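So, here's a batch of structures to check.
Paired with subunit B in one complex and with subunit C in the other, subunit A is shared by the two complexes that follow.
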Partner chain A sequence: MSSYLGLWHYHACILLMMVGLFAVISRQHLVKKILGLTITQVSVIMFFVAMGKVRGGTAPILETMNHDAVARQAQDVVFSNPIPHVLMLTAIVVGVATNALALSFVVRIKESYGTAEEDEVLAADHAASVAESAKEHSLESEAT
Partner chain B sequence: MFGLLSTWSDWATSLSTLSEHFPVLVVVVPMLSAPLCFLSRNGRAARGISFFALLSCLLMVIHLLGRVLDEGVVSYRLGGWPPPLGIEYRYDQINAFVALIVAFVATVVVPFGQNKKAFRVPAGRTNVIYAVYLLCTSGLLGMCVTGDLFNVYVFLEISSLSAYTLVAIGAERRAMMSAFSYLTMGTIGGLFFLIGIGMLYQMTGTLNIVDLSMRLYDVSSVRTLSVAFATLFVGVSIKLAVFPLHQWLPNAYTYAPPKVSAFLAATATKVAFYVMLRIIFTIFGRERSFEQMNLDRILLPLSIAAMFMGSIAAIYQTNIKRLLAFSSIAQIGYMTLGISLDSLTGLVGGIVHLFNHALMKGGLFLAVACILFRLGSVKIDDMRGIGRRMPWTMGAVVVLGLGLVGVPGTVGFVSKWYLVLGALERELYVVAFLTLVSSLLAVVYVWRLVEVAWFSDPKPGIRMAEVREAPLTMVVPVWALAAATIYFGIFTEHSAGVARLAAAQLFGGTP
Partner chain C sequence: MDVPIEALLFFLLLVTALTVARLRDLYAASMMTAIFSLLSAGLFVLMDAVDVAFTEAAVGAGVATVLSLGALSLTGSREAKKRAQVFPFVVVALTGAALIYGTLDMPHYGDASAVIHSHLAPDFIEGSAELEIPNVVTTVLASYRGYDTFGESFVVFTAVLGVILMLYRSKKDAS
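Let's turn to the complex of A and B:
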């Protein structure tokens, strides 16, 4: 039991991720879907940050360039693992780019459909294709 | 005279020093040409820049593939940092082969003529398309050649983000909604991939693929490892459009501009397939994937379902691009079938099919671009009688379509031959039988195109007499790909030979 409680930060990440995925799946408004995606992204970022954290660890910065001093410092100071944190800088940039692109799609969709609700957009597409096939049908019957 | 000779030798030495850096230039050249295209403010100049950038890329990849086949693995240290600390670009048989396919298709698609109406981009700003296109190619090449797992993720996102943009510039307004759902699915796939990377890093403390595979030998905790395997697998499956995760693909390929569909169908899914091979065979290893994780029990039914569902859905389509998109899902099923057979012959079939499908689908989508250029429509119903007006284009469609069916003498036959042999080797007679039956379904949808093109009268309301053959700049690339499908169908030693080397290497050296 205690081992499960000790991993609470991972459970928080999982919870956050499920919240995000639920929003992506269940919301109809496209901006809300993007918010859901962002929450999912943040949960993964939190997962990596939690992974790199060492209890009592500090930022991994060497105070001097002296070899003996470095060795002494390495003995008594605990460092956090910087690599997952650095990786997440890249992932954050990717997330920003994804959000910007998705939002620009939503702007264009809103411009041409007049709505940003997914079901209304799909209904408009369906209506358009029905109208088109009806037009073709009438053309064909005229020709025959 | 003497001075000329010395400058020549200077040239030769500088080229040989430069060739040391080919492994990284393959990715850097298209990436740096993208901003040049953006700044050129002129569609024609951008087209020239991207053509020469990709051509030089193609030549470098050919050089590197030759070096790999002669000398073995080519490893390049970024910034001189030795792996596993630094990032390593690593060329071996399989990824040099996939990079060659990507560079080849990317180069062929650029000079291909285009219909201005196919893009929703303001006139005079078509250079932006080429900038995004180069970024996408650079991302796909980077995914192939990098030896660092996190780097794979970064390049995956570079290529995906530019692919969403390329889909969104399609002429119809539906293109944007399909790009949006592609983005949603693709981002979730990328995030699953990232979680898997995180778990592997937790277990081993390294991100270098070779180092990972060695350190994973000693890892005995199966639970984290199975979760990591599952998340990586699901992430890549979304990008690859493995059967139940394929929902984004038909719309994205249908509403994207036809050139883009040709490029994405021939490269993006292929690179995703390569990443899947890396995960299954290099990182986790054949034994762990198949004997501990029982991958074949999941992948085999899914592949067969994809083969049937894709082909059956293709039969009922009224839009030729949608037909080809569903056929792609079926063909991806054949590729994953090659993995799931867990036999060397089957894997050769999967890898050869990667190459063959890139040729066939690339050619078919380019032929669709020709039809759209002259006819202005991609509905199968509007294409009645087009065979007599555009004999070269439709002839190429038939040749490439026969390849999809797997008629002897085309590349499709080679891959299906290996797949069926692989199934028989594992004594999976039902699977071999189902592979053949699903090929018959391909006959149905290819025949539908033939019948419409040659054996029907033009539809009333379509002025078929005004339709002419597409210009030479469009027909020649299509026929180059069609001729390649026949060439590699008869002389199999190049494609299947390299695929056998690659498969043997992935499988652990024991042929």
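Let's turn to the complex of A and C:
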């Protein structure tokens, strides 16, 4: 069990992700679902960034451009891995862009249906399709 | 000594996330989401990801909150009370168990001998000195993987286009 103790950062990220996922699945208000999605997204980003951490390392910013100094730095200064940082920067910005698009969809749904609760939207859709088929049925029976 | 601070931040994040999931007042929930982003930015600094931290603080806690508050002003801020279901709990528990099982053979947090630290990252750090850009993240973002950043700006452009079309259309229909 003690060998798994070094993984607790990852497990904490997974725990946060579970809370976000729960908000997405179980809540009915669409804006709440998007907030849950934000939490999920931050947790996943944190998981990736945690993998890039080197114990005793520092932020990947060089102190001097001098090549000899860089060679010296490489021996006594340890940098955390910059690659997850770069990838997650992109993920954050793209995440906010998709967030904005999702919120505009919610605003549109609210204007069309008069509600932003998922189950009420589905019920309205169902009622509309039932009314449609009933209308078709009555037209058919008129024709015959 | 940094482990207690990280544990404290993770605990606060968990409390904030649970509050977001529970709150029925959506204005409060979106403010809690902003707090969540800000706390996570603090954690990013502890994980040496300073660039990710200030992007998260500016974009996640700032812009995203403004967007969700704007959307709430148009959709109404109360969430109707629904009874709890068992099914979401089961799905979330299964997903979490599977993910935790997947981490069990990963290298430990902060392990310098992990595979991802031995390839590519040393080259990028060296190349950053050659290109005379102090911040290695900037070097990778703008130079080595500049086309990724170009693709990102295209995605953002598409999203903005989508938002404009969506809201313009709805305004035209309303009149």
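Basically, the second predicted complex is superposed on the first by the 144 of 144 C-alpha atoms of A that agree within 3 Å, B and C clash if a C-alpha of one lies under 4 Å from a C-alpha of the other, contacts with A are read in each partner's own complex, and residues count from 1 in each chain.
As a convention for this text, contacts are C-beta pairs under 8 Å (C-beta built on N, C-alpha and C of every residue); 3 or more make two chains touch, one makes a residue touch a chain.
Note that this is a predicted model, so its numbers are computed, not measured.
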Worksheet entry | Superposition-derived comparison: subunit B or subunit C, residues of subunit A touched | C
Worksheet item: Should A:14 be classified as contacting the first partner (subunit B), the second (subunit C), both, or neither?
Response: second
Item to complete: Considering only the touch criterion stated at the top, classify A:98 as touching first (subunit B), second (subunit C), both, or neither.
Response: both
Discussion item. For A:84 in the superposed arrangement: first (subunit B), second (subunit C), both or neither?
Written reply: both
Item to complete: Applying the touch criterion given at the start, work out whether A:44 contacts subunit B, subunit C, both or neither, answering first, second, both or neither.
Response: first
Item to complete: With the two complexes superposed on chain A, say which partner A:113 touches: subunit B (first), subunit C (second), both, or neither.
Response: first
Discussion item. Using the superposition on chain A as set up above, list the residues of subunit A that contact both subunit B and subunit C.
Written reply: 21, 30, 51, 83-84, 90, 94, 97-98, 101, 105-106, 108
Fill in: Sites on subunit B touched by subunit A in the complex
150, 153-154, 157, 161, 164-165, 168, 173-174, 176-177, 179-180, 183-184, 187-188, 190-191, 194-195, 198, 201-202, 207, 459-461
Worksheet item: subunit C touches which residues of subunit A in the complex?
Response: 4, 6-12, 14-23, 25-32, 34-36, 38-39, 42, 45-46, 49-63, 65, 67, 70, 74, 78-86, 88-90, 92-94, 96-101, 103-108, 110-111, 116-117, 119
Worksheet, complete the sentence: In their shared complex, subunit B is touched by residues of subunit A numbered 21, 24, 30, 33, 37, 40-41, 44, 47-48, 51, 83-84, 87, 90-91, 94, 97-98, 101-102, 105-106, 108-109, 112-113, 118, 121-122, 125, 136, 139-140, 143-144
Worksheet, complete the sentence: Touching subunit A in the complex, subunit C uses residues 6, 10, 13-14, 17-18, 20-21, 26, 29-30, 33, 36-37, 40, 43-44, 47-52, 55-56, 59-60, 63-64, 67-68, 70-72, 74-76, 79-80, 82, 84-85, 87-89, 91-93, 95-96, 99-100, 103-104, 106, 108-112, 114, 116-117, 120-122, 124-126, 128-129, 132, 134-137, 140-141, 145, 148-149, 152, 155-156, 158-160, 162-163, 166-167, 169-170, 173-174
